[in-house]
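One chain, chain A, links the two complexes that follow: it is found with chain B in the first and with chain C in the second.
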Partner chain A sequence: MNTFPGAAWILAGVFALSGMLTVGGALLAVTSQRVIRSVSGLALGSVGLAGLYYFLHSPFLALMEILIYIGAVCVTIVFAVMLAEPDEPPPEKPRPRARLETAVALLVSLAAGGALAWLGLHTRWPVARARTGDGSLRSLGVELLSTYCLAFELISLVLLLAILGALVLARHGRTPPPAS
Partner chain B sequence: MTLPEPYRLAAFVLGALAFVGLNAAYLVWVERKGAARFQRRPGPTEVGPEGLLQPIADAIKLLSKQVIVPPGADALLFRLAPAVVMAPALMTFAVLPFGAHLTARPMSVGLLLAVAFGSINVMAILLGGWASRNKYAIISAARVVSQNVAYEIPLLLVVITLLMITGTLDLSEIVRQQAGGFWRWNVFKLWVNPLMPVTFVIFFICLLAETNRAPFDMAEAESELVAGAFTEYAGMGFGVFFMAEYANIVVGCALATALFLGGWQSPFGIGSGVGWFLLKLYLLIFTVVWIRWTFPRTQFYGLLNLSWKILIPISLGTLGLTSVLLKFIRP
Partner chain C sequence: MNPLHDRLETYLVLAALLLAAGVFGLLRRRTLIGMLIAGELILSGASLNFLALNRFTAPDPATGQLFVLFILGLAAAEVAVALSLVIAVYRNYRSVLTRDLADLKG
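Our next item is the complex of A and B:
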């Protein structure tokens, strides 16, 4: 691989691109007025995040990020938006205390983010003895179904609840439920 | 023979682009000729011998047309959507195993890459349909999503069934396991699971639905939705959507070939090579065209019922059967 001219520069460029996509996509998702553009920003951010995962030597995680976050989550959000309202809603009147609320929200998120960053930088993390696994699919699967089995199964409980909720909502079809 | 890495990469990028372009152009010709023959008429004959230059004439026409962004449309997303539908299809070509040594980037998770990038396709058609600001386009986009979500489930279940048998996500390795005669292809591995041919049929049906081909072409139902999500696209905007459709068909059929039909392996155990891969690939593509001009379009709820009430239970059944058989029969 070292025969490639300027390989280091290309790698640095791709890394910077992934980082910018992640941050830019996230900003787009938050700041955009239209819901569809926000979802596009989320998808873009997921692509960037997938790139970062790839740089962490985890192609499996990178591809799962694309498969789940773009192929499932974003598509579901857009689908919901489409079923609800094809046209975008008219811009509502700005609420009276919108500025104040934004400032408080910004303050809280800055404080939380700063605290987490400080914690991350100043804690003496226990250094891993060696690589915890070889990162292969096999070791990942074994870990998921042995060490982290409980968390894995609990996540599926969330999905079960979602299915039950959908069943409850869709149970009566288009006719309103009988008044009882 | 191995070229130095930069040249190898450039050769593969150029090769993949040329392959996609050529296929998109000439599959349209095959489609039109095939349609004509199925309907007992000659098809394109005017431009070149047997109409062979027709795709080039079409391309020149499309390139010289103006791309019109309708007023009220989301101009950025409207222009972006064709690129987003084309790019993932092109990226998938990086992992397709054309021959024993003819893969642009052999990856240990190659199959996952193909599936992951395949899922972006829906998002792109959705964006295009929504950004057009057209009632027909939005109806079509909503249909595309419910269709693709419904058919992704049996597709992935079938792929998981196959993965339990192969034990790897590496497409080249999956093909290598099927060496030595057609009875060792995954579709005929009846001693592992007597229902293997059924899983192949499910995979193929889901492939038709995922690429929005007739009888599942709900996205571009020209008799009811004008041209569906592509109604507002003119010139090359439409052309790129069209190219992406054929690129996706090639990718899907190549995956079916590699997963079930032994990829580049010869059916007689000797003389394997790229030729066999291309032969199987084009036979499958011909079948796709054949089905399109033979079956009428299904009704929309018929399509959803087929997936949720028939395909998903069957694929879950084969998944269970395969796991039981793998556990108890093979050591």
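Our next item is the complex of A and C:
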């Protein structure tokens, strides 16, 4: 099927790069002390995740992942970083329980992730007998405006309410400018 | 045997890793924005799970893609509201450390 020489190797390399970007970005996002590095980790992880979406035959979602996560979410968090001072200060006195808390958090998260991975590896997943659609962008649009029309309208309502709520919440408590 | 990028298990394990990183961040970060980022990682893991199962087991490949599209929209709305909450908290407390937000604690 592949006529280009070494296509399989290139494919494997790009896939490994996407996977490593995803995992490395996630680890950077949760382990670094500075918030701006966490945001950079989230952006890196989103790039890797977009690559994985591409391998899962959904190029439209790969585009949307980059557009929304990097273009909207990360930029909004960076704005909040500018307005507040979110960096974690180094603890004044070394707390004796900090290491224990980290160990417990690591244990809990590894247990949750490990259980999920074990389930995923040891379940016999059913295979669809017949495909009823091709998952193209055209079929996505048709489904969005026919079967999922109500959800589509509702999410526009949710986004409108989120905009209004964010405006109201962030405006509350602002000191009025001094009357001149 | 299929190559690694054409097997369901690879994606499920990657999604489980994303979930583990998110849970660790939620438990360990000491600022509100750090916890928000960890929550985004958990949502990303859920999206990856949905798309992987959609690609390999679902009869109609459009369904899972639409669900992930809705997850993306909800994540954007959540981030907007949560960040305005963070800014409101910062105006009142001059801090976004979770340890300082203890007014209701008797």
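Just so we're on the same page, the second predicted complex is superposed on the first by the 128 of 180 C-alpha atoms of A that agree within 3 Å, B and C clash if a C-alpha of one lies under 4 Å from a C-alpha of the other, contacts with A are read in each partner's own complex, and residues count from 1 in each chain.
Heads up, the rule we're going with is that contacts are C-beta pairs under 8 Å (C-beta built on N, C-alpha and C of every residue); 3 or more make two chains touch, one makes a residue touch a chain.
Worth saying up front: this structure is predicted, and the values here are computed from it rather than measured.
Visitor: One more residue to check, A:P59. First (chain B), second (chain C), both or neither?
Guide: A:P59 contacts chain B only, not chain C.
Visitor: Tell me the contact category for A:V30 with respect to chain B and chain C: first, second, both or neither.
Guide: second
Visitor: Would you mind checking which one, chain B or chain C, touches more residues on chain A?
Guide: Counting contacted residues of chain A, the larger count belongs to C.
Visitor: Name the contact category of A:A43: first (chain B only), second (chain C only), both, or neither.
Guide: First partner only.
Visitor: Would you sort A:L121 into first (chain B), second (chain C), both or neither based on which partner it touches?
Guide: second
Visitor: A:E143 in the overlay: touching chain B, chain C, both, or neither? Say first, second, both or neither.
Guide: Only chain C; A:E143 stays clear of chain B.
Visitor: Name the residues of chain A shared by its contacts with chain B and its contacts with chain C.
Guide: 60, 64, 72, 76, 79, 83, 86.
Visitor: Would you tell me which residues of chain C are touching chain A in their complex?
Guide: 3-5, 8-25, 27-34, 36-38, 40-41, 44, 47-48, 51-63, 65-66, 68-70, 72-81, 83-88, 90-92, 95-97
Visitor: Chain A touches which residues of chain B in the complex?
Guide: Against chain A, the touching part of chain B is residues 4-6, 74, 77, 107-109, 112-113, 115-117, 119-120, 122-123, 126-127, 130-131, 135, 138, 141-142, 145-146, 148-149, 152, 169.
Visitor: Sort out for me which residues of chain A touch chain C in the complex.
Guide: 8, 11-12, 15, 19, 22-23, 26-27, 29-30, 35, 38-39, 41-42, 45-46, 49, 52-53, 55-58, 60-61, 64-65, 68-69, 72-73, 76-77, 79-81, 83-89, 101-102, 104-106, 108-110, 112-114, 116-117, 120-121, 125-135, 139-140, 143-144, 148, 151, 155, 158-159, 161-163, 165-167, 169-170, 172-174
Visitor: How about chain A: which of its residues touch chain B in the complex?
Guide: Contacts found on chain A: 1, 3-5, 34, 36-37, 40, 43, 59-60, 63-64, 66-67, 70-72, 74-76, 78-79, 82-83, 86, 136-137.
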